[in-house]
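All chains are identified by letter, namely A, B and C, in their written order; residue positions are counted from 1 within each chain.
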Amino acid sequence: MTAHAIAIDTVYAALEDLRARRPLVHNITNFVAMGVSANILLALGASPAMVHALEEVEDFLAISDALCINIGTLSPPWVEAMHAAAVKANTLGKPWVLDPVGCGATPYRTKAAAALAALKPTIIRGNASEILSLAGETGGGKGVDSTARAGDAVSAATALAKRTGAVVAITGAVDYVCDGASLADIHGGHELMPLSTALGCSLSAVTAAFAAVRPPREAAIAALAVFAAGGSAAAENARGPGHLPADMCDALYRMDRATLARSVRLLDSTG
Amino acid sequence: MTAHAIAIDTVYAALEDLRARRPLVHNITNFVAMGVSANILLALGASPAMVHALEEVEDFLAISDALCINIGTLSPPWVEAMHAAAVKANTLGKPWVLDPVGCGATPYRTKAAAALAALKPTIIRGNASEILSLAGETGGGKGVDSTARAGDAVSAATALAKRTGAVVAITGAVDYVCDGASLADIHGGHELMPLSTALGCSLSAVTAAFAAVRPPREAAIAALAVFAAGGSAAAENARGPGHLPADMCDALYRMDRATLARSVRLLDSTG
Amino acid sequence: MTAHAIAIDTVYAALEDLRARRPLVHNITNFVAMGVSANILLALGASPAMVHALEEVEDFLAISDALCINIGTLSPPWVEAMHAAAVKANTLGKPWVLDPVGCGATPYRTKAAAALAALKPTIIRGNASEILSLAGETGGGKGVDSTARAGDAVSAATALAKRTGAVVAITGAVDYVCDGASLADIHGGHELMPLSTALGCSLSAVTAAFAAVRPPREAAIAALAVFAAGGSAAAENARGPGHLPADMCDALYRMDRATLARSVRLLDSTG
């Protein structure tokens, strides 16, 4: 296995394209993540909307460029709307991201995540415990926090990618993107990031935004790279996790090629 | 048409009155805007509450001074509560503000906004696309973001004001307040403001707070002026949109006559 | 009545224990407080989760260390889930905190709070108006804000503690903890704190986190003391209330014995 660097220029070109096209991202996400996700999408250059009523999700999807489904604070009417939106996204050929928050924590949650994963998401993004659980292994996890390291979930993610057809992104201290045939590692970010709620959820929304302008694997890599660079920049002089979401917005708003190049390292480590 | 300045003193007097009376503002608003709206109302000097269950909206309205209805993340039980609250507000003679978020984006949303507009809101506040759509014209819009300029919606807003009896406020780079017979322009604010989610929604809540202490047109002008001045002050040294909501709270908390006078320009441009 | 100081070392030991054990805190809380509560729990050293569907609250409680029930934005399906979770917590012997937000504001809210209080919460935390109302007295209150001082609710809180078996915490300019037999006063905090929404709700979540590692009275005193010290530190150089939640997170993340010792004063004033 020889790992070789992925060019930062491909990531930066994706970001410039996103900013130019300003994709409308339809989010069906949890109550905690809505505000943070919306602000991060706006700062990045996308146009966010949070729309979850069964009465309008299909119509809204028709005018959207991508969809993000996050099961963080799920309940039956939301799950029903998530299904309708996922099916509609497939019909319309629009990319959609599944964030299986807390998969493995309760049977209800695990079942909801599995049912959505069976609907052929374009990209699945989760922490190691969630990906392990969604792949059918014992994921551990402490509520919505992971107890496994991202690297431990790579083979499960590969199996999950093969079974569902989705590109699978596992995020942690190191992030991984696999599509069943290839593997990329994203090195960057900051240890304070898991102490700020909804950043992972926002990353899923960012992934959906990139999926509106790039093919799935390239979109996932670009999203993880830009987000990791944003996190590094935001946390640089932080006294704690409190201002991370706001500083993350400023960092994404100002993200340029140089910051990206010095903040993240991308490797194609396909075996 | 001769435009003449509206005195800043009338705006500042309204703010001082609001701070002295600390109106209780009942909000039925979207999940994204709740926290920001509550903080902005508190910083301004009002007392916010977020109450949406059909089982208590009417009782809560009885102890409130004004109501803000925002359809951002609507669903059937919420729409039902919005109707009950609007009807009760009219019965009790309490002012209420309608924020038709995303009107035009889906038939469900457009219909919900139209049904509420028919219930005689005191003030309607929206962006240009929303006001155009609510007035029955083609509004454009990109999800919940406007694609039209505020000035383009003035004649539609005037027609809407005449039809509903509401004062209509259109916000954008320049804001407009019209009541069918008069027109005021508010110049101020900052270009970063649309990149921070829920600021427009919070402005609707602020408008409701002013409506508790001033007649509709004066309330709308005061709200837009104070908010624009707060936005200018908050964005002054910003590195991006991330800290705007927090800095907006500080700016509103500290707002004085001098800041107001140097940050906004108010014109009565009634034809 | 002779008041004597409660040792800061017992509070700091509880905090160190919390950080070491990282309790999973299950929150069924209001839409406004979710994000702030989650961030404050993370900064403090706990692991938060927001889970409210009837379909999973009992399963989630089984893996949690403590529960916080907050009725801020209640509606029938949530009330049903709150009941199921409270009953399950009692069955499993897990501590739970009740935050009766806005108790007294509407009959629906007052009844919901009373029904939950009858289910034997471990700790009840509220402002003076809420505690007075829950104890069956006239609480006043302005929506969700208190119009009474904490000290005015001490005898009502003592009666409520005796009736329900809960430790009762009243927060305000001075905080009180009573269990029917003893009384402790916590002096600290900052006058800006009531101008930042959801800080009180977050304190209830923090109380639940401490209840996972200490007996009820000691947990409530530690929570109020650490939170007051955090608030003092966060507000120290504030220009307004806007950045308090973020600065509060940083202050809790960095909280040490010295900051605690200089920021709060704890008295056992049992008669």
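Some notes on this structure:
The criterion applied here is as follows: contacts are C-beta pairs under 8 Å (C-beta built on N, C-alpha and C of every residue); 3 or more make two chains touch, one makes a residue touch a chain.
Small disclaimer: the values here were computed from a predicted structure and weren't measured.
At the interface between chain A and chain B, two copies of one sequence, fewer than half of the residue numbers in use are shared by both copies.
Per the C-alpha superposition, chain B sits rotated 120 degrees relative to chain C, a value rounded to a multiple of 5. Chain A and chain B have Cα centroids lying 33 Å from one another. In chain A, the positions touching at least two other chains are 31, 35, 243, 246. The touching residues of chain C, when paired with chain B in their complex, are 30-32, 35-36, 72-76, 102, 105-109, 142-145, 194-198, 238-243, 246. Put simply, chain C touches chain A in their complex at residues 22, 24, 26, 31, 34-35, 38-39, 42-43, 47-53, 55-56, 59-60, 63-64, 77, 243, 245-254.
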